Amino acid sequence: MRVRATCNLELHLRIATPLILMLRPQSGASQWIFREEYTFSEPVSVLEYSDIFGNLCQRLVAPAGEFKIYTAAEVETSDSMDVALGATFVNVQDLPEQVLGYLLPTRYCESDRLGDVSRKMVEGANLGYDQVASICIWIRNNIPYSPGTSDTPLSAFEVYKQGHGVCRDLAHLGIALCRSISIPTRMVVGYLYGLELMDLHAWFEAYVGDRWYTFDPSQEKLKGGRISIAYGRDAANVMSFTRPY
Amino acid sequence: MRVRATCNLELHLRIATPLILMLRPQSGASQWIFREEYTFSEPVSVLEYSDIFGNLCQRLVAPAGEFKIYTAAEVETSDSMDVALGATFVNVQDLPEQVLGYLLPTRYCESDRLGDVSRKMVEGANLGYDQVASICIWIRNNIPYSPGTSDTPLSAFEVYKQGHGVCRDLAHLGIALCRSISIPTRMVVGYLYGLELMDLHAWFEAYVGDRWYTFDPSQEKLKGGRISIAYGRDAANVMSFTRPY
Amino acid sequence: MRVRATCNLELHLRIATPLILMLRPQSGASQWIFREEYTFSEPVSVLEYSDIFGNLCQRLVAPAGEFKIYTAAEVETSDSMDVALGATFVNVQDLPEQVLGYLLPTRYCESDRLGDVSRKMVEGANLGYDQVASICIWIRNNIPYSPGTSDTPLSAFEVYKQGHGVCRDLAHLGIALCRSISIPTRMVVGYLYGLELMDLHAWFEAYVGDRWYTFDPSQEKLKGGRISIAYGRDAANVMSFTRPY
Amino acid sequence: MRVRATCNLELHLRIATPLILMLRPQSGASQWIFREEYTFSEPVSVLEYSDIFGNLCQRLVAPAGEFKIYTAAEVETSDSMDVALGATFVNVQDLPEQVLGYLLPTRYCESDRLGDVSRKMVEGANLGYDQVASICIWIRNNIPYSPGTSDTPLSAFEVYKQGHGVCRDLAHLGIALCRSISIPTRMVVGYLYGLELMDLHAWFEAYVGDRWYTFDPSQEKLKGGRISIAYGRDAANVMSFTRPY
């Protein structure tokens, strides 16, 4: 299916501020960007580079006062996401090198503290895909999706205790729970077609069988129509907007 | 200045053929891509990746028969290119690591065979930028630019003996001559605004002082209005179109 | 000076366990490894790779029962570490790309929560090196170094509240405090000649002026005689021993 | 088997000369370096880095006069090399990204000029491993291995016309012939146990089936006991010693 996504950022800054943005989705296995557009309300000098996760990042200094960024992308993307019940757990010794880093705890995903919690959720499930599916079902049933309730990112453990969260929070919780049982997981930020509040969305991918699969704990059904913009270990690596450090 | 470049590729293939393309210019130090577009005459599945030189490459299998690719880019780019007469030669031991590879001989740039030739051309010139400038002047005066005369790439040594060449040939010769006196050089393929025959163009960059500078031995004057699409050690790494291997 | 370091790891594992080790220091700007040795008590198959921070990592499956690893390195290293009082703060927009990631919060360095704390510590200090020095002095005066008191890593915020810590804890705190005022910092794990309890040691580096400088908040004086084995954003990326996930 | 290899380099330089060396073999799939040693006859400052092919490179400035380098490595390596008759050709569209670059022509491997030659050699062979084997047999029967006859590297095409060559020449020819029929090949420099003249040796690897396999056109039989030091597209990327540029 063809999806058109647009994004308007309006900044009001007291002083000129360095920003690192991730504006450009990249074509990849499941999406082909056939048209893109970027406009700034004032001319600024932009430097682009790839970070260690392969994301295209844009560095610029936003001027003081009002500054608007407008982006649009038209993308050919899958109608539906692959589901692979039964896809097997990969032993740590057999994981590809590039995947190993996604087993580690990160700022918002304290997988080292959630092992006891996750082992209960996946009791009886086949190792691998089905464990991740169990975790997502548990989140959907126990941690209501409450859009718009969070200003600063909470960590997975804080979300678990709080009992509700935005899409980013639910993704963080899913990521941390999977890592705590040695399933590599990474965060995805992007657009999802048909989302009620058209906004940036966050979900995650888990590595089982022999590839990454998409999971979205904040949605009832795993829908297609996704545009991935950035990947990372958690939201600390996937910022579409960075305040002055 | 704002430059709009379009490219039409029409392929007529007897059999389905794997291609590796470099269609997407990337925003960088001297250019900001604010609008891009890609269209294929038939839907194909495209995988995108970055090669070891940082270029965005697109892998696809073009179907048998007619297959058309249309690309367009609108880019904010410099009106003029930096000139730095006197910028100094960098001793090999002081070059940044990522630059070292651009001293090596490559398929079309046999710098190991051109040392005697280049040393004559640069006699009396200050080490560094001025040597590269001398080499470009020598090429302009001695190797006439003859667009459209070459089907398959010649090597720098072959171009030197033949005595004329297309833009790619002249770039290869400049690259090889500079490397033979230990100045790192890399090839650039892209668009140049105002080129008589609007077509893909090739030039090169040399590392002197503390950065890469643009040189274009096939143009009388070093003009701005450039869109860089791909960088490499020579044309063997910078193919905008690869025939079936 | 020449330093010889040895390391004995004795594992007693109930089941065969995949490990990712960082056994090999790499020669670099301040150290040349002129002799190295690795022995396992039983033959195992080892795969080596470089992680995204450039560390050499070794993957293996340790057998059940007793398993011993012995390593030795003889290294030419600096007698003293560079000190650069007055080295200036680098604005975020001017940092090299590879350094930007070291500004982000990580599992054990919640720099996003420590801005108020650090701003007090550095009051009056010149921006840059002197701020880092102020932070280290504050840690030395307020967070006593208590070797051997920690089993599992604490986060910087937890260390701050607890009021004492091992070398790793003090490094985490220093890293988080610096990042909270936009100074890039990275963790180092290695050996320090003359350490009372000869053991693995942890310290950190900060990027000011135009390079990384060494800081060691758990030592009275900044001594030389260091062998760096691994670098990372925090201890979650610098594990010399990973338990079964 | 355990192999001990030593290397003595004696340089006599008129002026201080920057060198880029590849002294350190890395542990990997088929070898574990359990002891290494490096000595210089005079203290020099050495910087180590990884090149784009993953090789550990050492940068130093060798002093004028006599300068000696001594290296030793003790390595656990395979007794025999895997042979996989029948391993299938991988279509270009199915090759892993990192392998694609090894299809391109390089300074000493003009695969773009050898297609007609190689297609004859492999007539009747199954696509893949068996084609590479046919090429190696052809080289052994037609291009006698003549150690010590070459000062500067010849290209594959020159070796083909000359009709004999050193191990490096035969490897270059094998590499170029394979690439001309779309089989990825890479050069390996290292040690081979039992070589009559104990010296650095060169051979190549081809990607068929789903991995790299070892081929050695200058040896009657494919023997084990190998220590790989460096990989590259051809000898221009695999220099264990670089003269002043």
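Chains here go by letter, A, B, C and D, matching the order in which they are written, and residues are numbered from 1 within each.
What we mean here is this: a residue touches a chain if its C-beta (ideal position, glycine included) is under 8 Å from a C-beta of that chain, and two chains touch if they have at least 3 such contacts.
All values reported here derive from a predicted model rather than from experimental measurement.
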{"item": "Shared interface partners, meaning chains that touch chain B and chain D", "value": "none"}
{"item": "Degree value of the rotation bringing chain A onto chain C, based on Cα positions, nearest 5", "value": "180"}
{"item": "Chain whose mean Cα position lies farthest from chain B", "value": "C"}
{"item": "For chain A paired with chain C, centre-to-centre distance based on mean C-alpha positions, whole Å", "value": "29"}
{"item": "Centroid distance [mean C-alpha coordinates] between chain B and chain A, Å", "value": "37"}
{"item": "Mean-CA-position distance for chain D and chain A (Å)", "value": "42"}
{"item": "Per-residue multi-chain contacts in chain A, two or more chains", "value": "none"}
{"item": "Pairs of chains in contact (touch as defined earlier), listed by label", "value": "A-B, A-C, B-D, C-D"}
{"item": "List of chain B residues in touch with chain D within their complex", "value": "18, 20, 49, 51-52, 59-61, 91-93, 97, 100-101, 103-107, 109-110, 112, 152, 182, 236-237, 244-245"}
{"item": "Chain A to chain B touching residues, read off their complex", "value": "26-29, 32-39, 43, 45-48, 50, 54, 56, 58, 76"}
